[in-house]
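My questions all concern the structure below.
A, B and C label the chains in the order they appear, each numbered from 1.
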Amino acid sequence: MNLAAGTSPWDLFGYFADHRAAVLHLFWEHVWLSVMPVVLGLAISLPLGYLARRSRWVYAPAVSVTGLLYTIPSLALFLIMPTLLGTRILNPLNVVAALTVYTVALLVRVVADGLGAVPDDVAQSATAMGLTRTQRLRRVELPLAVPVIAAGLRVATVANMSLVAIAGTIGIPELGQLFITGFQLSVNGPYYPPILLGILLCVLLALVLDVLIVLGARLLTPWQRVTAAR
Amino acid sequence: MNDNVFVWLNDPQNWAGTRFTAGIVDQIVAHLWYTVIGLVIAFVIGFPLGLVLGHSGRAGWLVSLANGLRSLPAVGLLILLYVVVSPLITGRGDLVYLVPTEIVLVLLALPAILANTYAGVRNVEPAARDAAHGMGMTERQVLLQVELPNALPLIFSGVRSATLQVIATATIAAYVGLGGLGRFIYDGLASHRFGEMAGGAVLVAALALLVDLTLALVQRYTVSPGVTGRFSRRATRADSRTAAVTEQVASEAATD
Amino acid sequence: MITFDAVSKEYPDGTIAVDRLSLTAPSGQITVLVGPSGCGKTTSLRMVNRMIEPTSGTITIDDQDVTSVPATDLRRGIGYVIQHAGLFPHRTVADNVATVPQLTGTSRRAARVQALELLERVGLPTSFADRYPAQLSGGQQQRVGVARALAADPPVMLMDEPFSAVDPVVRDQLQREFLRLQEELQKTILFVTHDIDEAIRLGDRVAVLAVGGRLAQLATPAQLLATPADPFVAGFVGRDRGYRALGFVSAELPLAHEPAVALGSPVRRALDVALDDWVLVVDDDGAPQGWLHLVGAGPSDDVVAAGMLNLGGTLATAGGTLRETLDAALSSPSGRGVVVDGDGRLLGSVRAADVLDHMSAAPRERGPAAVREGGRA
């Protein structure tokens, strides 16, 4: 590696070309490490959030406990997980588990509040029409709560992107490793390419996932498109 | 021998420190220092800006822009700035780590505070705002006596969210060489002293929880009972998660 | 006195919200601006306290141009009541009411004492003083809004659909109390509503505005009902004009004696005094309670009880409006309208035919002179 050649930021493209396979491997690791927790988190939060919404006895403790979990810094959570799960520190599963906890902590509250934001009269007219509770949930409350839940999803996804990169500092392979590489190689002078490449890829990934969520939400809320167009 | 986290935490020498290594107490103080500096700067910029923009309703694009900063990976920024700054600062020990760290901390805390202050002011009941103007309050009086008190829940949630992000990122900054509780994590990790590493993790978690709890208490006693919605059946108290979603929603609204 | 002199409001995109409006709202009276959506009534109101600035024309209050003083000072001397009260959620009821006095320098303690008095005046218990708006119902919030507007004792009040956001029962109550308050306070009030019945009920004068901000007619409610200026006004004022106009005419009609029995007396007694199938039942003070239908009333030694009564008829007060008298007669199951005195005690009865006879006997003149403005609809 020619350290002198790393002094220009534009060399990041050259760096990518030289290390394509390795970088792509890190990239896909990053993708699954960020996306898995969101998918798992959503799957867990939807029923939990619904339960919290339905029962006041569940809501208060659910919000408090998840609030506490959300407060814990991610790095701490990555390092406490091995003890809880019995895995080794370098196991990426710790990251997935920790980030799932985060995502659930955020989304349970978002789902509960989102379902709760559906206007009373809408919910009641649904019941009056003879919809069962599940039907009402599926056809009325959930669709109307989609915008808020989507906003929460976007927050969770973008946050996860950044949090996964932190795992690079404890040795887990994903885009964060690029930052570590750049840091370690910046002995005689700034070695930009991997650092900038890492930032660029993270931002791109965040953007793509964000757009996907927005599109998904739009698909699920056709009425919003119509009213916005008026 | 220090491999067990309980052993490590219970050793008073670890708390007091030695001549060669900083103890737990020192690192907690250092960590708090870094946090406060970053938060104060972000607050001094974001809070007045959020108030003014929220009151006038203009330049919402600034809020969206600030929100876009969230997608930048903290570690990446930290290392980038360190790598850029370190040739420029020589000599004074900690400054070379502190400057890039504080820049990143401010960049992370700013969106939370700005977006939530902005949203808090915008979301004040329009009727209350109209009545305030109609009664003969000046713009400043409307902002300070009516909009600000009603925006407090969101402002607080923004501050809490910012605080947590700053505490978390300051922990990571230890990787490039900064002090603070992250020092125990990374030193412990590198030397396979897992008691120390886990101890650092536990301490950071405890610190974050305590600070958030303190802020929650301040919130409880500062915000008017008429605003917290204590009387409404579906009332919910705003916390850092509220802030996160508000930032997102505010920037979505600002781009409409 | 509020005067509009050829006031216009035109927006940059060409919409004309108010078109050369000229009118005077006399001091001490309620002038109502009424009209459909888009007629510029709220815009006109908000130009008085300069929440909106006119594009041309002048507005004066007691001959002083509203632009001659700084807007904030102007507004502190004008009471402003809006549709959803606009109470400050973060302040208690008392602090809300005390807002303007505190802005103008009154001490906190004095302002609070004043606030408590005002709460009583608008019909709220003083225990509400330390509650927060979120704890109050819509009607209660509106009352606080009115109290707050009255706090600085302004001579002029602007009210923008203040009673529209509450349910009809509460609205009726608020309107009645508002009229009572105005009798005491005699403020110059400019009142906006979209509801013509509210306008007719509350206004001393009513200004009907048409879409595009044009003044269609300015008249007393009775004149409006009797002589609408054009088809638009006629349509807006609506149906039942003749009937509603009866609400502005009072008459002292001759009453027929109405036999009555007290609650608890034996049914036999009712049978004895009855003129036909229906007998009026009163309580021990002579206040009518309802009608007893004698067909199928049960054995004669049974006792007249409240559960047996027909409550259909309304009551008219002696010397009240023709409208309430006619209604008493029409709604009564026996065809005889019950008339009571000021304390609610039975005076006699009147039939619908009697009311109509009275109306045709009096010369049926059109125009303001013939109509006495006693009583309200």
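Here is the rule we go by: a residue touches a chain if its C-beta (ideal position, glycine included) is under 8 Å from a C-beta of that chain, and two chains touch if they have at least 3 such contacts.
None of these values were measured; they are calculated from a predicted model.
Remark: the per-chain Cα centre closest to the mean position of all protein Cα atoms belongs to B. Chain centre most remote from that of subunit B: C (centre = mean of CA atoms). Averaged C-alpha coordinates put the centre of subunit B at 55 Å from the centre of subunit C.
If you average the Cα atoms of subunit A and of subunit B, the two centres end up 19 Å apart. In terms of their C-alpha centroids, the spacing between subunit A and subunit C amounts to 59 Å.
The part of subunit A that touches subunit B in the complex is made up of residues 63, 67-68, 70-77, 79-80, 83, 89, 105-106, 109-110, 113, 116, 148, 151-152, 154-155, 158-159, 161-162, 165-166, 168-170, 175-176, 178-180, 182-183, 186, 189-192, 195-196, 198-199, 202-203, 206-207, 210. Only residues 70-77, 79-80, 82-84, 86-87, 164, 167-168, 171-172, 175-176, 182, 185-186, 189, 197-198, 200-202, 204-205, 208-209, 212, 234, 236, 239-242, 244-245, 247-249, 252 of subunit B touch subunit A when the two sit together in their complex.
Considering their complex, residues 125, 127-138, 141, 146, 149-150, 224-227, 229, 231-232 of subunit B touch subunit C. Subunit C makes touch with subunit B in their complex at residues 49, 51, 71-78, 80, 82-92, 99-100, 103, 132-135, 145, 148, 158.
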